[in-house]
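Across the two complexes that follow, subunit A remains constant while its partner is subunit B and subsequently subunit C.
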Partner chain A sequence: MSHTSQPREHRHMSQTAFNRYMPVAFTAPLLIVFVILTLIPLTNTIWYSFTDYNGYTSEFSFVGLSNYVSVLTDPSLLGGLGFTIMFTVASTALVTVFAIWLAVVLNKQFLGRNFARSLFFFLGVPAQAILGLVWQYIFSPLKTGIANSVLTIFGLKPLAWLADDNLARWCVIIVAVWAQVGWHATLYLAYMQAIPADLYEQALVDGANSRQRFIHITLPQLTPAMTVSIFLLMNGGLKVYDLPYTLTQGGPGYATNTITQSIILRGIGQSEYGVGSALSVLFTVATLIILVLQMNISQQVDRRFS
Partner chain B sequence: MGVKKLFAGVAAVAVTLSLAACGSGTSASGKTELNVYVYDLETQVSAMFKEFQKENPDIVLKASYMPTSGDYAQSLQTRIAGNKTPDVFTIISDNLVDIKNNKVALDLSGDAALEGIPDTYLSTFAKDGKIYGMPTQAWMGFIVYNKDLVKAAGYDEFPTTWDDFITMGKKMKSNGVTYPFLEGQGAFSYSFEALLGSKYKAEGETEVDQKIADGKTTFAKEYLPVLNVWKKAIDEGILTPDSLSLTGDALNQAFLSNDLGMYTTGIWDAPTLQKSGMNYGVAPFPAYPGGEPFVAGAVDHGFAISAKSSPEKQEAAKKLLRFINSETGLKLYCEGNGYASISSKYTAPAQKGFEAAYEATEKGNIFWTIFQKDPAPITADQIAKTQEMIQGKTTPEELVKSLDQKMQSAR
Partner chain C sequence: MNRDSLARKAVRSILVLALACVCAVPLYYVLVSAFKDKVEMMRNPLGLPSHLNLDNFIQAFQSDTLGTAFLNTIIVTVFGVIIQVLIGSLAAYGMTLHKNVFTVVMGLVLVVAFAVPAQAVMLPQYRMEASLGLVDTLLGVIVLYAGGCVFCYFLIIGYMTKLPRELLEAARIDGAGAFRTYWSVVLPLTRPILATVVIFQALGSWNDFLTPSVYLSTPDKRTLVLEIYAAASTYSTNWPLFMATTVIALTPAVIFFVCCQKYIAAGLVAGAVKG
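Moving on, here comes the complex of A and B:
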């Protein structure tokens, strides 16, 4: 007995050590990447936000909170914040509504269903920067622009799509919704197919019509998908850069300027790393608060319907 | 123990990779490698670089290109901030002041590379007696017009005054031309800059940009009269808000489709226009009252050498700059992008059909503002506020007030 107990104990200890250290070993590469690509740059950004660093020379000095004052008093930066929030809220709401609607349609049996599913999914495959350049031609304010040609066919006057503040803002949102709706519909479709069929069968027996089945069965069952989808949409919306940059270049004036665009232009393009960093820090904090709030609300809704 | 080994392994790989990334740049074959980053299209400089390689087999050029100014300035600054300054790069108006102030580039004064380039052009790249950039070309922005539409409006010659230009635009409009004149968002605003140059010359003003930066004069004093003249085109519906979202390509296509009477562009549209078979003409911008017609434009970007490159690389880079400013180099460069040479070592022939723009340039009737403090933020503000003025959301007075405030708070 004593002959075999020692190796067994040794094996047990080895197993314990293995169980204790292996998760660390497996997460170590990710942690290293996180530290190098996120934590160190974030720390640097916080430090730069209190300096007058311009990106060209390593000689810079501490300037206290003056960069934060500059950010909070600059009308162009505050305008960028306004459009970013408008873009995030509007695109999240519209994509959610249209994606669920599209998922319901794509979940039904009809000829060419698989083709339709692929078609809508692939709308979101090209980079948003490419979409911005393509849609710039569609929304040309000239009579020969594609959107204006369509209006002319119906006897309507051409519109200055990207040359008018409000129209330009909605053009950016419409393109973003158009590009994202297919991908999010696919997400909802996946969750929809996991809804037990007997729920619908029982509802049918109880005489529920299609609207009632959608509101009382489909929607509640989709709340976990909505949590994921809305999180991704809000996260992407708050960080939006490439689409408005290529579609409108932030114009006309500062109408479609976004916070990320301001951070890049102010920090790098205009050699004001300090101001750009202060804006980044404030934006990171604001994003964190918004996303935590959104997660909490989603979890509460999730619990309500689970 | 295993975990420690794992960490040690990862750290070793990371250190090895980072050291590999910091190599000297000298290739295994003993050739000197030069990292070159230029504000040009590859097609514009490839023949010149190829010829240089042929003549200098001991130097290897690793070139990258970015033809849009904002993106070029941003990406170059990122490289500088990351201590990866290219050995040879270009100084453009967006980064001119920062490069000069922060001594990122090597002082080229006295080097043979600068021979034949007039001091007036070198002065743009000079500070405290040092010259940081080597310009070799000038760019021009001008009006391209549809000769048939201009004739139909009753003009055999293109108007030479701004008021007459507006009158002609109104006649074009009454003739059914929907868009008499448009300026693209990427070419904004050549017509205003040309008017400004026309006014400065008429009043004998020089170095106004520097005087504004030094606080000796203001935008309110210098810009306001010109803005009021320029704005007449907006008030009369000749220059419309449609301009605000149109790219240069969109304007070119609209012009070639006969939808547009006149538009602003540069020599880069020459190949398309020459091949189009259209009856087009080229003219400098009509003059400010009492002045002469001007083209928009200035000395083009300057080639610079990194102050942080090794002496070996700096010597190779100087060889490259000397080649660019040689007859062979300039010929290939001017053939590549169609620009005019400013070096006495080579005179580029005027592009056929574009002689009027070259003539204005030769007379010195060429102007472009270079803000001497904080150029990027002030330029961005100027563009945004001018767009708002075209939309009728702001006035010339508010625009100059904003610019003066920006300049006063500039570093």
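Moving on, here comes the complex of A and C:
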């Protein structure tokens, strides 16, 4: 008897110890990745943002907040900041409105529904960098470019799409909306299909028309999906780089410059490591503030509707 | 919802499919242009090609770097995703094993790791990789992709906490160690979410432009997206050749989409549940 219970006892002991240390062992790889790829670089960025370090020589001195002042006064950096914010707000708003509308339509019955669903969804699959390059040809300033061919059909003069500041900004935003709408519509569609059908049955019995059903049933039921979709859009918008870079190279001038592009250019291209770092720090802070605000607002909206 | 009349459905079909066609014009444009020569593409940008002209494809395939670019992309995607998913799922498993001070701290670490934008730490990462000789190597890119494990963790943890505890208990009673339990019980049980995460992250790495464009400069190190980007400037006067290269590069994406559409959608929703 005692012979068999002995190892079991021993095992029980080791099991507790095992449980206690196992989380440490299993999360260790992730912790290492975090320390190497996030923690050390982040402290580095904060540290160097107060110096005139150029990225390679070992000599540098502390310059206080002067890098931060440069960030907030340099027209190219402000241009990047401005366009990134404009892009984030505009693409989030437009994608949200169109994606919900598209999801509502794609949720109804019609011939070719699966084809339409797949096609809109597919636009989100190719790399945005590649789509940016393709659209560069479409927005060609030549008369033979697609966009200009369309204008010619309507008897309008060809435009130099990507040569005008505001036109170029909207071109980038429109392409981003085009590429992302189907992707987000798919997300909304998944949530829409989970809305209990009896809610609609009941509303029909009560005589609600389709607009009322949309406002009082569909939209409130979609608030969790909106939280996620808007989070993804804002997060992606603030970090945007590929599409403006491949479509317009940030031009004309600095019109479609992005924060990411500025960080790369300053910190790696022009050896203004301190300025690039200060921009990175401000970017992190801004991202965190916006995301926390967005989470709070979403939570409040969620609470109101549930 | 089945009450719509046939006429309404027909009108809806026509309108939605028309909109879909308008949205598909850029893809159609790439496809038809790939089969045209320069003159024809200028003269007739949106029409069907006059004949099945494969010259552009032949020329695109003759490029020395296109094949290498495919291979490079496969390498960074496969290794990057395996590492991410392995580290992420290991951590998720560890966090479900036991609750103590460590896991609470770790929970905070994970939120910070998730919230800090990759761009904000790009400069020190670049310097670190430069000092280790990892700039302009595929390994350097894979190392950076390992950072995606945090996102994988968040996708996997939700699914993992819902696994029946009895199964893990049973494995323990059968004498399986913690790692054994992870490998032969937990991983197979979480296969649905793993498939989703793999597909989602693979798509992200495959399409990534930022990391390769900053880190990879030698032509034979280029990933596919970089190759297309280079082709756009190399063939800036030869549009059809660029279009053919793009068609070749997008073909795997199309096949992937056709095969995995369900999983990609599932990934969207899984990511959503996490958020």
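Here, the second predicted complex is superposed on the first by the 276 of 306 C-alpha atoms of A that agree within 3 Å, B and C clash if a C-alpha of one lies under 4 Å from a C-alpha of the other, contacts with A are read in each partner's own complex, and residues count from 1 in each chain.
Keep in mind that, in the parts below, a contact is a pair of C-beta atoms (placed from the backbone, for glycine too) under 8 Å apart; a residue touches a chain by one contact, two chains touch by 3 or more.
Being a predicted model, the structure only gives us computed values, none of them experimental.
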TODO: Could you check whether subunit B and subunit C clash or fit when both are placed on subunit A?
DONE: clash
- [ ] Using the touch definition from the top, say if A:Asp164 reaches subunit B (first), subunit C (second), both or neither.
- [x] first
Open item on the list: Going by the contact rule set out at the top, does A:Val97 touch subunit B (first), subunit C (second), both, or neither?
Closed with: neither
Open item on the list: After the superposition on A, what does A:Leu156 contact: first (subunit B), second (subunit C), both or neither?
Closed with: neither
Task: In the superposition, subunit B vs subunit C on subunit A residues touched - done: C
- [ ] In the overlay, answer first, second, both or neither for which of subunit B and subunit C A:Ala25 touches.
- [x] both
TODO: Could you say whether A:Thr57 touches subunit B, subunit C, both of them, or neither, answering first, second, both or neither?
DONE: first
Open item on the list: Under the stated touch criterion, which partner chain does A:Tyr137 make contact with: subunit B (first), subunit C (second), both, or neither?
Closed with: both
Open item on the list: Just checking: does A:Leu293 make contact with subunit B only, subunit C only, both, or neither of them? Give me first, second, both or neither.
Closed with: neither
- [ ] Figure out whether A:Ile264 sits in contact with subunit B (first) or subunit C (second), or with both, or with neither.
- [x] both
Task: Partner chain in contact with A:Tyr273 - subunit B first, subunit C second, else both or neither - done: both
TODO: Tell me which region of subunit B runs into subunit C after superposition, given the options 7-15, 25-33, 43-51 or 79-87.
DONE: 79-87
TODO: Jot down the residues of subunit A that show up as touching in both complexes, subunit B in one and subunit C in the other.
DONE: 24-25, 29, 55, 136-137, 142, 144, 264, 268, 273
- [ ] Provide the residue numbers of subunit B that touch subunit A in the complex, in ascending order.
- [x] 2-3, 6-7, 10, 14, 70, 73-74, 77-78, 80-81, 94-95, 98-99, 101-104, 178-179, 185, 241-247, 250, 254, 257, 259, 374, 376-377, 380-381, 383-385, 387-388, 391, 393
Task: In the complex with subunit C, residue positions of subunit A that touch it - done: 15, 18-20, 22-27, 29-31, 33-34, 36-38, 40-42, 44-45, 48, 55, 105-113, 115-116, 118-123, 125-131, 133-138, 142, 144-146, 149, 178, 182-183, 186-187, 190-191, 197, 200, 224-225, 227-229, 231-232, 238-239, 241-242, 245-246, 259-260, 263-264, 267-268, 273, 276-277, 280-281, 283-284, 287-288, 291
Task: In the complex, subunit C residues that touch subunit A - done: 1-2, 4, 9-10, 12-13, 16-17, 20, 23-27, 29-30, 41-43, 45-46, 86-88, 90-91, 93-95, 97-98, 100, 102-103, 106, 109-110, 112-113, 115-128, 143-144, 146-147, 149-150, 153, 172, 178, 182, 203, 206-210, 213-214, 225, 228-229, 232, 239, 242-243, 246, 249-250, 253-254, 256-257, 261, 264-265, 268-269, 271-272, 275
Task: Partner subunit B, residues of subunit A touching it in the complex - done: 21, 24-25, 28-29, 32, 54-57, 76, 136-137, 139-144, 160-165, 168, 248-254, 264-266, 268-273
